[in-house]
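Worksheet: the structure to be examined is printed underneath.
Should a chain be cited, it is by its letter among A, B and C, assigned in written order, with residues numbered from 1 in that chain.
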Amino acid sequence: MTRLPITKTPKVYVGGAFIRSESARTFPIKDASGAFFANIPQCTRKDLRNAVEAAAKAGPGWARRTPYNRAQILYRLGEMLESRAAEMADAIALGGSRDAAAREVAAAVDRLIYYAGWADKYEAVLGSVNPVSAPYFNFTVAEPMGIVGVIAPSDAPLLGLVSLVAPVITSGNTVVALASESSPYPAVVLGEMLATSDLPGGVVNLLTGFHRELVPTFATHAHLRAISAVANAEERKILALGAVEIVKRTHFAKAEEGQDWFSDGAQSLYAIRNFVEFKTTWHPIGA
Amino acid sequence: MPAHATKPPTAHVKGKSASRNGQSSGRPPTQIRGRAAPALIFGDLWEFDPAPETADPKLKSRYELFINGEFVPPKSGKYFDSINPANERKLAEIASGGASDVDAAYEAAARAFEAWGRMPGRERGKYLYRVARLLQDRAREFAVAETMDNGKPIRETRDFDVPMCAAHFFYHGGWADKLEYVAPGRKAAPLGVVGQVIPWNFPLLMLAWKLAPALAMGNCAVLKPASNTCITALKLAEIFQDAGLPPGVVNIVTGPGSTGGLIMAHPTASKIAFTGSTDVGKVIMRSVAGGDKRMTMELGGKAANIVFDDAPIDQAVEGIVNGIFFNQGQVCCAGSRLLVHEPVAVAVIAKLRNRLRVLRVGDPLDKNTDVGAIVSQAQLDTIREYLKIGVEEGAEMWQPPCRLPSKGYFLPPTLFTGVTQSHRIAREEIFGPVLSILTFRTVDEAIEKANNTAYGLSAGVWTDKGSRILKMSTELKAGVVWANTFNKFDPTSPFGGYKESGFGREGGRQGLLDYAKLI
Amino acid sequence: MPAFAYPSAFRRLFDEIGTVDAVGIEERVAKYATRSIKKGSKLSGLKLAVSMVDLTTLEGKDTPGKIASLCCKALHPHEDADVPSVAAVCVYPSMVRHAKKHVAGTPVRVASVATAFPSGQTHFRTRLAEVRGAAADGADEIDMVINRGAFLAGEFARVQDEISAVREACGGAALKVILEVSELETYDAIRAASFLAMSVLREGDFIKTSTGKTSLNATLGNNQVMIDAIRDHYLDTGVAIGMKPAGGIRGAKQALHFLVAVKETLGDAWLVNRRYRFGASALLNDLLRQIEKEKTGAYQAPYYFSDAAESY
């Protein structure tokens, strides 16, 4: 008899730990051949609430790390993903074509490295010393906003998620992210790499589940300072209306248009800029 | 109101005389209430045992040139000795490269540039990241090697030189694929092959300052370490190999000063970069005058460290000590002139003396050593000459009691008081653990005295008043101004001088531009 | 009219005393943590630290039985006769008599907290009475808390007068003045409070960092600020005040770093328990553990030492 493997129980990575949904609900996903693959936690708004608390706890420490330290941690996340690229490709392909999956993993690693490299540089490009016409030293710095909600696209379940999360955390924000609804399994495996990367628990929290159950809470949770979402028209409306109450910053990509996550245009300084606040300080110059 | 109180309300803090920070503004009291003035005892009651760092530096007995990705013997077949300045013993033999080796190096660099200059930045950056990570893996080994070659304390190489070197490679690795953000309105392209000559005071770190931005920008390099300190550069070449850096991207040609001249003057170099003394910098500039080479120079300094009466005094004293005794004072940006505000001069100098009495001078490999060995006999002789000059000029010399090792090039930390701007020890760069102390009365006078020098590399300002910091920063003619701190370095922070301290910047976006052609 | 009645009094206090740069202090003390203390110097440092411990129990559930146990440990921390006894036991006023029974006539002193420790939030007459009571019961040392509310409101004369009054009420007992650094928060305030206290203290008295009852206690940083003040005061007046960091020093290695700070700031004359103490409880066993390791060469388990909390 051939050896029976032990199957993995998918759990979501929240607050530095692997948990089931507080509702104990799951939904099944199938592999490429249509067979049962695993049961994925069906997260609720309470899970979202708990994840936001974890992100809030981790926030001050993460923001206070030196930019170099954040750069090194993001780089190490890249190291973790690269060293287990084969496993992640399997998690994307689920028995189907591995070539496309492998390409997606390589691009995700490079994207992490790209944003790692911005951590100790964006300030020098986005900030400024302003030549005011009065005897004051006047400077503008970029600061992280706080907790950011991320809603990942259905397609590119790894690369899309990484492309949205990395620019947000590089500046010291923390994230609660909703993984692809149709392909949630790569987010489960990504959680394992986050856990081994020196990234403090709570900086990135990954939820799996259904948009219709969670988007409304992303929209109205008052502790989320910003939303970065790939969303359809109806969802954008819900998120935008919810944002009004606390003047949440929102940045959308239109799900119905599709995005080319592999292009260089899918990464830039401006993805970081969308999630920083600019603070300008004045101080007199004189004896 | 306390029930027992019968004394009148106090008008000031009881028992505190009109003094600042434990010292009267005049001369220190010789008697207080009829007893001898209080003094602190810094003796041997609890003396530390030796605490040598034992990690193996993995030194080879002979180091060859690194050309085209290989270690190759010099055409001349000649080698010179590398000496450990802490015990005057030979560490290794170093290849003595000459004209044909320099030619070979430039040829390799030019060939490698064809691919390296066109490589996507994303991939080029990955090589630099690998170098950083591999150096971090072997950090302790490199720290010990650097200490043995240069004489600086292991605590410094372990906690500053080596980590900072790795940080420079890591930082610049991240720029390689972001060059479109470096020069607004222009495309930043590599120059081609750069020739670089670095000094002996921070052998590994100076190499990182030169190579990391050059490579991030897509250039290839021919670099000569100082002949005093070649070992860690050639060890790092091993890491270039382990990282798979394409052959020819970096070439290291060790040799005497004349070899450096050949590297600077070579026709293949599109740009040259030199860090060293102003005098040698001028020789190089003369040799390339009239040609097309771009150049950057990082030369000498005679920085003023300015302490105002409202400074946090104990921290200012620490900053003064870091400013001139860090790296045994062998730093271009050393705070070698203390300009102290007259109201606090006596207090600051008294505290400085107490602080010097607990500085530990000795075996650089001992983890408790604060001040190590001077790099060479020649440099030690130069410094001693300045001590003589200072005394002859009429300044007052003071050194804390020190037990120096019997062998090796050691010197106690030294203070000169009663110094004025006309003294040679206030004008000339000594490059050793010697502080010249002057006083001033007003802000303007401090600025005048600080700027009264041909140099302009750095300056320090100690005051509690923010607006004064910004005024000083505006008025001081120095490329780096440290406020309420000193000798702070970071890959993101541009470093370089005004006037005869050189031109060009290293670090940050500004530093990258010096390695780019703007199209 | 006292100068302190005016808001400018706060500035004037700081003008005389000078300010502290926090980043600078952290950098200075980081160097202490790089000191590598080995072999003979480690052993002598550990024993010195033992001799400086004020072995402390300050719990609502303290009883004479607990005090008896503490005093026994204080007198003979280790079966090795080479290891000295600690400097003092530190207890609540109600326990002073019981402690005195066990250690009177020995080198171990009895220190009592007083003045409504830890908050100090009762009427001053009550606080003073408590001091007198503890002294009458035979306390050799009194650990008082300063009036932080008054300090932060700028009522410096009042803070100082209270310390003077307690100083008198102590009689022959030594006084340790707890600044409660976590509530003063800034290094500037800690420096100012240090001078405020020292100006009315005598040789043999101490200034102390904390009650140990808040979440932030002694650190190398606040220790440095206070010993810098002690040094300045000594060089100015000739009066040598002692220092006691309390709480937050869990391990022997940390304690040795504190001693390095003393060695390099105050010098040899303060490396004695007449002038330096550690307010601690768990620290003692870690010191003993490290002493044993130095002697035998083997790393020790915690439960080999009496009164250890850990059983795993």
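The rule is short, and it goes like this: contacts are C-beta pairs under 8 Å (C-beta built on N, C-alpha and C of every residue); 3 or more make two chains touch, one makes a residue touch a chain.
Since this is a predicted model, take the numbers as computed values, not measurements.
Visitor: Relative to chain A, which chain's C-alpha centre is the most remote?
Guide: C
Visitor: Quick check: more C-beta contact pairs in B-C or A-B?
Guide: B-C
Visitor: What chain is most central when centres are computed from CA atoms?
Guide: If we average C-alpha coordinates per chain, B lands closest to the whole-structure average.
Visitor: Report the inter-centroid distance (CA atoms only) between chain A and chain C in whole Å.
Guide: Going by mean C-alpha positions, chain A sits 48 Å from chain C.
Visitor: Mind checking the centre-to-centre distance between chain A and chain B? Centres are C-alpha means, answer in whole Å.
Guide: Centres of chain A and chain B (C-alpha means) sit 41 Å apart.
Visitor: Could you tell me which residues belong to chain A and also touch two or more other chains?
Guide: In chain A, nothing touches at least two other chains.
Visitor: How about chain A: which of its residues touch chain B in the complex?
Guide: For chain A paired with chain B, touching residues are 67-68, 71-72, 75, 110, 113-114, 116-121, 124-125, 137, 269, 283-287.
Visitor: Mind pulling up the chain B residues that touch chain A in the complex?
Guide: Residues in contact with chain A: 122, 125-126, 129, 167, 170-171, 173-178, 181, 443, 466-468, 470-471, 474, 491-492, 508-509.
Visitor: In the complex, go through chain C and note every residue touching chain B.
Guide: Touch residues, chain C against chain B: 1-3, 12-13, 16-21, 23-25, 27-28, 34-42, 44-45, 48, 124-125, 128, 156-157, 160-162, 164-165, 168, 195-196, 198-200, 228, 231-238, 240, 259, 263-264, 266-269, 271.
Visitor: Going by the contact rule set out above, which residues of chain B touch chain C in the complex?
Guide: Chain B reaches chain C through residues 2-5, 9-24, 28, 32-33, 35, 37-51, 155, 159, 310, 312-315, 318-319, 350, 358, 367-368, 464, 484-485.
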